[in-house]
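As written, the chains take the letters A, B, C, D, E, F and G, and residue 1 is the first residue of each chain.
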Amino acid sequence: MSGAIKKLIPLFDRVLVQRFAKETTTKSGIVLPESSNVKVLDATVIAVGQGARNQNGDFVPCSVKPGDKVLLPEYGGSKIEIENKEYFLFRESDIIGKWSK
Amino acid sequence: MSGAIKKLIPLFDRVLVQRFAKETTTKSGIVLPESSNVKVLDATVIAVGQGARNQNGDFVPCSVKPGDKVLLPEYGGSKIEIENKEYFLFRESDIIGKWSK
Amino acid sequence: MSGAIKKLIPLFDRVLVQRFAKETTTKSGIVLPESSNVKVLDATVIAVGQGARNQNGDFVPCSVKPGDKVLLPEYGGSKIEIENKEYFLFRESDIIGKWSK
Amino acid sequence: MSGAIKKLIPLFDRVLVQRFAKETTTKSGIVLPESSNVKVLDATVIAVGQGARNQNGDFVPCSVKPGDKVLLPEYGGSKIEIENKEYFLFRESDIIGKWSK
Amino acid sequence: MSGAIKKLIPLFDRVLVQRFAKETTTKSGIVLPESSNVKVLDATVIAVGQGARNQNGDFVPCSVKPGDKVLLPEYGGSKIEIENKEYFLFRESDIIGKWSK
Amino acid sequence: MSGAIKKLIPLFDRVLVQRFAKETTTKSGIVLPESSNVKVLDATVIAVGQGARNQNGDFVPCSVKPGDKVLLPEYGGSKIEIENKEYFLFRESDIIGKWSK
Amino acid sequence: MSGAIKKLIPLFDRVLVQRFAKETTTKSGIVLPESSNVKVLDATVIAVGQGARNQNGDFVPCSVKPGDKVLLPEYGGSKIEIENKEYFLFRESDIIGKWSK
């Protein structure tokens, strides 16, 4: 597997996201310390599973799709590393909302 | 995301509300201390998700809509800040009732 | 909201009730102390929600309606004040029975 | 309410029963002490609710009806007093069986 | 009730059984002590309820019937006495199996 | 019952199995001590119940049948003795898999 | 059973997998110590069960199939040995995702 470009297809209602990069300065320009452990709750959806199963076993498509900008909950999700990049897996139902322009 | 006007579309049966401003005086005109930690339980609905899923996976629309005046439960809900304004997210089923004129 | 007559429409299977006034004398005429903390379990239904949702998400109308005289359980329910009057909210399924003449 | 004859209509799958009177003598004629706290598990059904709701929200009629002689479980049920008479409320599913002649 | 022959009709998926009499001697003829608290797990079905309810509320007939010889679980069941005879009530789903010749 | 050949028909999704005999020597011929408490997880299916009930109450036939060679879980199951032979009862869903040639 | 080539057919939604071999050197060629207890989370699907049952009792086929390369969760799964080779059993719903080229 190591040579090919590894692409993960999540299963079921799992959603693979990448958090936005941390803000390095405040809005008024003050430089934020590198170590500030403010959690970034905004993220981009990278990949989604086929969806959860309903009571008959049919897949129910996820209501978010790759490219969506979403708001993550404060807690939860599991970190995984793919090709040295940091991603997170959340269940669809744990994602709080979508940002729209 | 920071430049554009951020609008959050809650997911599923989440309801985004903004609590009424705190009363500064009692009905008989007595000025209330700023620090009084009386919780405001009346709020305005700002945005609602597509609704919870039923057993087949279909969305069941929320029974409250943006603009409704609602009565919140004493506890629960999660606070989120959007563009320095304070909002709260509740599940539809936790909202106690709607105020009608 | 404060000027208009506030009317609360409960949501889902919540039932808004007002307990009967406390008996001030026993049947044989003995005056009961004001402070007697005998709980009044009889109440009048003031308003009901659209009902609980069934598995498809459809509302199932409540089996009590405004004006019904009901028997409340010993415990449970949450107190709310509207325009200085004391009401209680119960789930439909917690109400024990209806009094009929 | 106090003047009219109060009749309680239980809600849902609740069953209102009245326990048989306590036996005062054993079968062989020995007088039982008044204070014997032997629990009477036989009872007569006084009134039944509309029944429990199934998954669609429809009522499922109770399988016992007023007048039935039933066997109560050792524990459970809640006591209520109506016009100075002692009754008990059980859920239909907790009632063990019906006595037939 | 005391004069008539009392027959209990269990409710729902309850099964009324009577355990076999305890073996008084081993297969090789050794007399077993009266007090041996070996539990008899074989029993005869005396009466069955209408069956458990499915999700629509319809009764699902029991899969054992009066006269069946059954194997009881080691634990569980509740003892009841009818006309000085000892019976036991089990839920249908707790009965392990049926003995066939 | 004691004279006839006792055959147990399990109820519902119970599966009656008999574990393979313990290996007395290793593959390379070393004699294993009698007391070695290595658990034998391979077994033969002796009898199966009608199957579990689905939500409507219909039986769903077991997916293993008498004669199948199965892999048991490390833990669980209940031991029963029939005519001095040792059998075990497992729920269908606890059986890990079937061995095929 | 010992002579024949043993093939395990998992039951229900169980998935039999074989973890990839441990990397012996880092990408930059540094030899990794044999004892490094880094867990290999990548695996190949060897066999799958008929699938979980839906509410009617019908099997819902697994969404992974033999040969798929999958990402396992950090914890869970049960180890089994077949013909001295180490395999693991996971529930379909616990498998995080599939790797695609």
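Just so it is clear, a contact is a pair of C-beta atoms (placed from the backbone, for glycine too) under 8 Å apart; a residue touches a chain by one contact, two chains touch by 3 or more.
Listed by chain with UniProt protein names: A, B, C, D, E, F, G = 10 kDa heat shock protein, mitochondrial.
All figures in this text were calculated on a predicted structure; none of them were measured in a lab.
Q: Counting residue numbers used by both copies over all numbers at the interface, does the subunit E-subunit F contact come out same (over half shared) or different (under half)?
A: Different: when the shared numbers are divided by all numbers used, the fraction is under half.
Q: Calculate how many whole Å lie between the centre of subunit E and the centre of subunit G, each centre taken as the average of the chain's C-alpha atoms.
A: It comes to 45 Å between the two C-alpha centres.
Q: When the C-alpha atoms of subunit C and subunit G are each averaged to a single point, how far apart are the two points in Å?
A: 57
Q: Using mean CA coordinates as chain centres, what's the gap between subunit D and subunit E in Å?
A: Result: the chain centres lie 25 Å from each other.
Q: Residues of subunit B touching 2+ other chains?
A: Residues 55-56.
Q: Beginning with subunit C and continuing through subunit D, what order do the ring chains follow?
A: Order around the closed ring, subunit C first, subunit D second: C, D, E, F, G, A, B.
Q: Within their complex, state which residues of subunit C touch subunit B.
A: Those residues of subunit C that touch subunit B are 1-2, 4-12, 14, 16, 49-50, 53, 55-57, 78, 80, 89.
Q: Mind listing the subunit F positions that touch subunit G in their complex?
A: Residues 20, 27, 42, 51-52, 54-56, 58, 60, 63-64, 69, 71, 74, 92-93, 95-101.
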